[in-house]
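Think of it as A, B, C and D in the order they're written, each chain with its own count starting at 1.
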Amino acid sequence: MIDKVFPSPDDAIHDVFDGAAIMFGGFVSAGSPSNLILALQQRRTKRIIAIANNIGLGDKLDVLCEQHQIAKVIATFAIRASAKRQSLFEEQYHRGEVELELVPQGTFVERIRAAGAGIGAVLTRTGLGTVVQEGKQVLTVDGVDYLLEKPLRADFAFVKAWKADHLGNLVYRMAGRNFNPVMAMAAEVVIAEAEHVVETGELDPERVGTPAVYVDRVVECKPLQIRWYG
Amino acid sequence: MIDKVFPSPDDAIHDVFDGAAIMFGGFVSAGSPSNLILALQQRRTKRIIAIANNIGLGDKLDVLCEQHQIAKVIATFAIRASAKRQSLFEEQYHRGEVELELVPQGTFVERIRAAGAGIGAVLTRTGLGTVVQEGKQVLTVDGVDYLLEKPLRADFAFVKAWKADHLGNLVYRMAGRNFNPVMAMAAEVVIAEAEHVVETGELDPERVGTPAVYVDRVVECKPLQIRWYG
Amino acid sequence: MGESDVIGLSRELIALRVARELREGMVVNLGIGLPTLVASFLPPDIQVLFQAENGILGYGGLSETDFDPDLINAGGQPVTLLPGASFFDSAASFAMIRGRHVDVAVLGGLEVSEKGDLANWYLPARGGGSIGGAMDLAVGARRLIVAMSHTAPDGRLRIRTQCEYPLTAPGVVDLIVTDLAVIEVHPNGLFLTEVAPGVPPDLVDARTEPIMQHSPMLKEMAL
Amino acid sequence: MGESDVIGLSRELIALRVARELREGMVVNLGIGLPTLVASFLPPDIQVLFQAENGILGYGGLSETDFDPDLINAGGQPVTLLPGASFFDSAASFAMIRGRHVDVAVLGGLEVSEKGDLANWYLPARGGGSIGGAMDLAVGARRLIVAMSHTAPDGRLRIRTQCEYPLTAPGVVDLIVTDLAVIEVHPNGLFLTEVAPGVPPDLVDARTEPIMQHSPMLKEMAL
């Protein structure tokens, strides 16, 4: 019987290498693979290219900046409107110590989906006439201009589910879906933390949000609380 | 309170006009809006452009050929391997009475999704080096060739759900999903037949397959049995 | 400046005025900040579906009681669910937005040009900013309402001939609602249709860089 | 021709030979017709996930009892579910296929060229055909196995220097399993690796248009 369950977050991420591009699911407090991120901090993996919707004060991802583990962030949300409390990432960004590629959120998720779905590029009107357009091809289809945005893939994806089975099926809860299902399609190795791991066959096939084919490893973890400073 | 429920299939399709492009959800016996199709037969709507995965002997869609209601079919499956029993559509196609645009199934569904999702075109390797490529632009992204396939939209979409609420949320059952969720995104007017209509609030938000925003009209119908000759 | 600083609408009244634009059955996305307040001022007889780009359709007010990390709006705030709500992933959410299935988006603004260009993501003072869902909402929503204070805290004009800050999207704004006025963006320029109670039209003109046409129906806002 | 017509594998034995190619944990899509039979010949100790492009991962054998219209494979046949199955829509299903998440696709064939071109959708005799999911599977599957009779019922050669029928996809076939032989498609041509019990290699050569290399390990199939 196929069994993808690993005993600990550390075991589950054993082969993450320095310089790896890693996708992190989650939107602020919802569906964030916090335990896997903390295991990454423990391992002191270096020069990470972090692909995540948001990095900010209160995000577990920001913790990776403590030891300067992140070289580059590809995100939609990284610099906050208020300068009152800065994240570690913001401090390092303003000092020029980390690179930031800011992507519109719809383009971000669609580029990831394209990578997972074998689509060559995304044609979107989002970003036309803005700095997002810089260096990109504009394509006209039936008289309408679109930006050509390339697929975004990674070496690893860290995702968070509510439930998982031993086969690797994932069930999400409420707004905990967000980027997790598409990221699980777009990385070489997909590692899922789940609040509950159940026997294969116990999940309702109608409720599976990520089919087992996409998931390489599963680890059961109590979710960590995230305090977001919006 | 928003209430999208109509009393009968005929009421629900009252404004379908001659020459309309209509998407029909369903894959063979699963998730086919058979009651809406039969209402369309009753209305004798003419020159229909039918966008459906399959049309064949046993499909309710084939019934529309009895009175030559269909002018053109855009489908993935229309001509069967066996010549033993032909559908009405096949007979009319071979006599040159109806037009057929055959599309690879993955391209078919992705073109519909693109229309619904505001994506300018689909870049896919499927169809390259085949007759599907004829007349289409080939685009090279990072050294790989792709066919540029245009979005596919319609005036109406007829979809079939297991359950619906008065607000227009749809819940699908098993392989009854197929093309229904994407077609519901890609048409001006979306009409859903559902086996069970329940009060708004009774559906599990986690199980909604098509959010209410996409659905204009709902009608409760006993599903009709479909006998498929494969 | 002394007197004029206290005229005009509060943030809550701006939100209330924006809420008047919403109609039964509309799908509405509210941006972070001031726009979030709009939900609180919806007339009780109108059923609107609020979309949160992080994957909820049909959420209700903010949740005052317990915090469920999986039930938040796009600003990270805990929300409640209304009957008929649904959840979906971010790909589906932005398909909904980009595909023009959201009837109205209400966003905050830093600058709006007379051509309807919007700048609302890059903060020059911070040397950076975050795009989030703003560019997709600006381009995808069928109608875009910008809710903001008419001028910046330092008095800088925000409604301009041309935006100076990096754009969120060009030519997308349909309506501007500020503490001083309601302004429509037409193909041939800005159109002043309402002023806040006690605000003379020439004050609005003085605090708006481009020349606006005044509607023949120009009136004081009914709040 | 008389004698030779009865040599070679039955459809079931072709399916059995194909099933030997499958490994624990693989995601496998079986085309309509002969390939469907492969599921019945899977060794019991191997867990494979069968994908049906109409939106099922993890289905089992055909359902002999009652017919549920919503639980069918891509051929429209009623199937059973195995523990760990899941459902998804067609967009998600072809994302899975096109995105190279299907390890093996087994398709029927009308013609295969020495370059691995596949023709399997257009039926000249019918003046038409149906593409279905074949083109996406041919392009998207990590490994493509074609299972077919070595020659057409009228004796026409199916393994050809060039396909004459309209292509499903060029250069996609990895392995051909027929009633007579197992043939690998290499960048430099075809490679005969196995013959059916009692079938001499030169018979396979005679019924194959392009010249094949014979593997130094060429052997009779173990069934």
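Here is the rule we go by: a residue touches a chain if its C-beta (ideal position, glycine included) is under 8 Å from a C-beta of that chain, and two chains touch if they have at least 3 such contacts.
In this text, all values refer to a predicted model and were calculated from it rather than measured experimentally.
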Result of counting contacting C-beta pairs for A-C and A-D, higher pair: A-C
Chain C and chain D, separation of their C-alpha mean positions in angstrom: 56
Inter-centroid spacing, chain D versus chain A (mean Cα positions, whole Å): 37
Centre distance in Å when chain B and chain D are each reduced to the mean of their C-alpha atoms: 29
Chain A residues counted as touching two or more neighbouring chains: 110, 113, 117-119, 124-125, 173-174, 205-206
Multi-partner residues of chain C (each touching 2 or more other chains): 87-88, 94, 97-98, 140
Touching pairs among all chains present in the structure: A-B, A-C, A-D, B-C, B-D
Chain C - residues contacting chain A, complex: 32-33, 52-56, 68-72, 74-77, 87-91, 93-94, 97-98, 123, 125-136, 139-140, 166-171
For the chain B and chain A complex, residues of the former touching the latter: 110, 117-125, 139, 141-142, 144, 146, 148, 150, 173-174, 205-207
Contact set on chain D toward chain A in their complex: 24-25, 27, 47, 49, 51, 57-58, 81, 83-88, 94-102, 140
Chain A - residues contacting chain D, complex: 1-2, 113, 115-119, 165, 167, 169, 185, 200-201, 203, 205-206, 208, 211-214
Touching residues on chain A, where the partner in the complex is chain C: 27-31, 53, 76-81, 83, 90, 93-94, 100, 102-107, 109-110, 112-113, 124-132, 162, 172-182, 209, 223, 225-226, 228, 230
